[in-house]
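Going in written order, the chains are labelled A, B, C and D, and every chain counts its residues from 1.
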C-alpha cells in the first residue's frame, strides 16, 4: 500500500530531513512513527501527502508512483487520504462545522449526507456543542479534535496523523486512539506520528523509529504478531 | 505572589471558561496545572498575562491588582513574566535568533548582552544550529523550543508555560523540565500547564486540577512537603 | 461541478467578501476611485473635444469670383461646393451684404467713418461663397480644388486660425487619449494589485484546501465570484456618483458661465454614459475576474 | 529610547519592507500612481492656466480721441493710462498706422480694394491708444475711468471676448482645482488604505510583540519607519517619471504643433517642480507616516 524506496529529502536551506528511507506499510496496518524532535517525521507525512516531493527515491502509494501523478490528478489522490496536520491547519475564517464539512464538499458529497455525517463526526470527537465556533475561539485541544474530525469524515483509505494528541489530555487522547483503532479495524491504513510513548506501548502496534532522518528501528507489535 | 480571588471568565460567545476560581501561588513555587481539553487552563494563563481581563473577581500578581494597571504600564508588568504560548506565537517573519533576541530588545538590553545570552539560551534548548531558520522552516518541536528559549532568556520572575512539551519527544521534554526546575530553584515562580501525566508524576510538585472551569483538586507534591 | 457545489461556491464568494471586510472595502474603494477618475476625464475630454469641434465649425473659406464671372458660372461653383463631402454648409454673400457686414464689424460705433463712403460700396467685387467645413484639417484640399474651378478669382482662407485649431484639437485629443490610457492602466494595475494582495493573504487557506483534496476549480470559484462582485460594486458606485455629479455640474456651469454657452454646449449625460457604463463595467468586472484568476494561479500549485 | 533601540527599529523598518515585499510593492505602486496622476494634472492645469492668461493679455481696450483733441490732451491721457495698475502695456497708434493695419488685416490679398481708396485715409480720426490689460476681469473699471477723461471721444472694448475669457479662465481654474482636490483625496484614501491593509495583516505579529512586553512606541517605530520610507520612495519615483515625461513632452509638443507656440509657451520644468516636489513629498511621506500611526493605534490595544 505505502512503499518508500531509498527516499531522501533535503530542504532548500540544505537541511537533510530524510536520508535513504525505505519502508513498506501493508494495507490495513496501524503504524506508529516515533523519533526525536526534528528527526523528519513530519517531513515523511508531507511526502506521503505529496505536499512535498522527495529529493531522490521513489514513493508508491496504492500502486501509484507519486512522482508520476500530474497536477490535475493530485486532488483525486489526496481525497483518498485523511490527514491530521501537526499544526492543525484549520480554515481560520470558517467555523467548526464548515471546516469538517469542507472535506465532504471537496469530494462533492450530497447535502443530506453532509448534514448527517458532520454532526456525527463532531460528536465522536466530543465537539458537538462547539460546531459554530471559529477555530481561534477554541482551546488547543479542541482545534486538534476538529482537525481529527476533518481527516476522518470521508472514511479515507489511508489516515496520516501527525501528533494528533499533542494537545489532548490523557482521557481525550485515549478516546481518539480508540477511534483510530476502530477505523483501522474497518480497513483503513493508519500512520500515526506521536511522542506519547505511554500510548505507543499500550496500543502494542508496529513502531517505526526515526533518528536524524534515518529509520533506526522497526518493531512489529504483539497485536500484529497474532 | 499570584493570587486569584473568585475569578470568572466568560467569553463573548457566552462560554464560561472559568468559574469562581480562587488560587494562591507563593513566590518560588513550581505548580502544574492539569485538566481536560477545554477546561480553562489556557484561559487562566491568558488572565495572568493580562492578555484577557476577568469577567469578575480579582487577580493580584507581585502585589499588584491587574485590573489597576494602566495601558501604559502593561509592558512593564509583562516584562517580569516569561510566557510559553500553547501555539508558540513566534514572529513568523523573523528567524530563530531574532525571535529570542526580540524579548531582550524589548527590555532594552545591551547589544553585547544580547549577543552573549541568545546563543546560550538556544544551545540550552538544543537549537544552536538552527539560529538562522524561520519558524515555518522548523519542525513542531523546534518551534516549541524557540518559544521556551524566548520565555526564559530574560530570567523572568514568573514563568507561565502553556503545554510546553506537547510537541516534544520524551527526551527533549525531560530536558526542558529539568531546565524549568533549575530556573525554579534559582528563584523563579513556575506555572506549567501540561497533559503529560508521566512528567507530572515524576516531578512530584504541586498539581492543580481544573475541570470545566473550576479548581477541583490542589495537591501539594512531596518535594514541597519536605 | 454539481449544482450544490456551484451554489456553495456562490455563497462562499459572498461570505468571503464579508469575512475579509477589510480587503473587500479596500478593493471596492480602489476600484471606485479609479473608475471615478476615468469617468471624470472621459467626460471632461469629450466635452472639451466638443467645444473645439464647435469652434472649428466657425472657420470659413471664402470664394471670390472673377470680375466678369456670369451668374451661371457662380451657380456652377455653388453646385461644385455642395458636392464636396467636407463642406458642412455654405451660403452666398452678395456685395451689398458683404459691405453691410463690414461696416457692422469694423466701424461699429464709428458711424461717421462708414458715412464717409456714402452709398459707394467699396467692396463691389466682393460677392462670395462662405463655406463652413466639417473638419478644418481638410481645408487645404478644398481650397486647392476650388482654386481650379472656372470663374474663381481667389479663395480666401483663414490659414493660421485653421492650423491653430487643427493643432489644438490634435493636442487635446492626444492629451485626453494619453490621460485616459494612463488612467485605465493605473486603474488596472491598482485594482489587480489590491485583488492579488487580498488573495496572497489567504494563501495558507488556499494551501489547506488543496491539501484536503480540493480541485483548482473548486478553490478558485469563490474567489472569482468575489472578484466579479467586487468589480461590479466598484464600478456601479462611481457610475452613480458620476451620473449625479455630471448632470449637476453641467447645469451649474451652464448657469454660472452663460458667456460660455455660445462657445460650447455640453454633451448630454446620456451620451456620456452610453460609453462610460459598458467601459467601466468591463474594466471593473474584467479586472476583478482576471486579477483573481491570475493571482490564484500562483497559489494553486500546492 | 536608547540609541541601540533606535538603530534596531530603523533596521527593522527596512527589513519589514523587504519581508513584506508584496505589500511594500503594492503601497509604493499605489502611491506612485496617485502622485503621478496628481503631478500630471497639476502640470496640465498650470500650463492651461498660463495659456488662458496669455490669451487674456492679447485683449485690448482702444481709446479714441475727440476730433479736436490737442496733442497735449492726448499725452495726458497716455500718462493717465500709464498710471493704472491693471494696464500691462499700451501704445499709441497713429491714424496712418491704423489705416495700414486695416488694409493689411481686411484687404489682405485684395489689393484692388485697398487701391480704390488711393491715398485717402478713411480712418483719419482713428488715431488711438491700444491698451493691453494684465487681468481682463478689471476691464470694465478701466473703461469707465477712461471714459471720464477729457479729450476721450470713445472707448472701444471687446466686451464679449473679455467676458468669455474671464469666464473660461474661472471655469478652467475651478475644474483644475476640483480635479486636484479629488486627486489628493483619492491619493490620500488609497495610500492610507494600502498602508492599513498592510498593517492589519501583521496584527498577530503586533499582538505577540505586545504580549512579550514591548511598549507601543517600540512596536510602532519600525512600522512608522516603513511608512515614511514607502512614502518617500512612492513620491520620488513619480517625480522622476514626471520630470522626464514633462520635459520631453513640452519639447515634443513645441516642435510638433508649432502653430500653438504663438498661443502659449510652456511653464518651465523648474517652475512646475518647484511646487510639485514639496507637495508630493508631503503627500507621500505625510500619508505614509499618518496612515501607519493611525492604523497601528487600532492594533496596539493588546
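Operating definition for what follows: a contact is a pair of C-beta atoms (placed from the backbone, for glycine too) under 8 Å apart; a residue touches a chain by one contact, two chains touch by 3 or more.
Because the structure is a prediction, the values reported are computed rather than measured.
Each step here moves to a touching chain, and the least such steps from chain B to chain C number 2.
Of all chains, the one whose CA centroid is most distant from that of chain C is B. Look at where the CA atoms of chain A average out and do the same for chain D: the two points lie 67 Å apart. A straight line joining the Cα centres of chain A and chain B is 29 Å long. Our note on geometry: chain C versus chain D, Cα centroid distance of 23 Å, whole angstroms. Centroid to centroid, with C-alpha atoms defining each point, chain A and chain C lie 63 Å apart. The multi-chain contact residues of chain B, meaning those touching 2 or more other chains, do not exist; every residue touches at most one other chain. Taken together, the touching pairs link the chains into one ring where each has two partners.
You'll find the chains touch as A-B, A-C, B-D, C-D.
For chain B in complex with chain A, the touching residues are 11, 13, 15, 34-38, 41-42, 86-87, 133, 137-142, 144-145, 162-163, 166-173, 195, 197-198.
Against chain D, in their complex, chain C makes its touches with residues 22-23, 25-26, 29-30, 33, 36-37, 40, 44, 64, 102, 106, 109-110, 112-113, 116-117, 122-123, 125-126, 154, 156, 160, 163-164, 166-168, 170-171, 175, 179, 182-183, 186, 189-190, 193-194, 196-197, 200-201, 253, 257, 259-260, 262-263.
Interface residues of chain C, counted against chain A in their complex, comprise 1-2, 4-5, 8, 16, 19-20, 204-205, 207-216, 218, 301-302.
On the chain B side of its complex with chain D, the touching residues are 49, 51, 71, 74-79, 81, 83, 85, 89-93, 102-103, 105-108, 110-111, 150.
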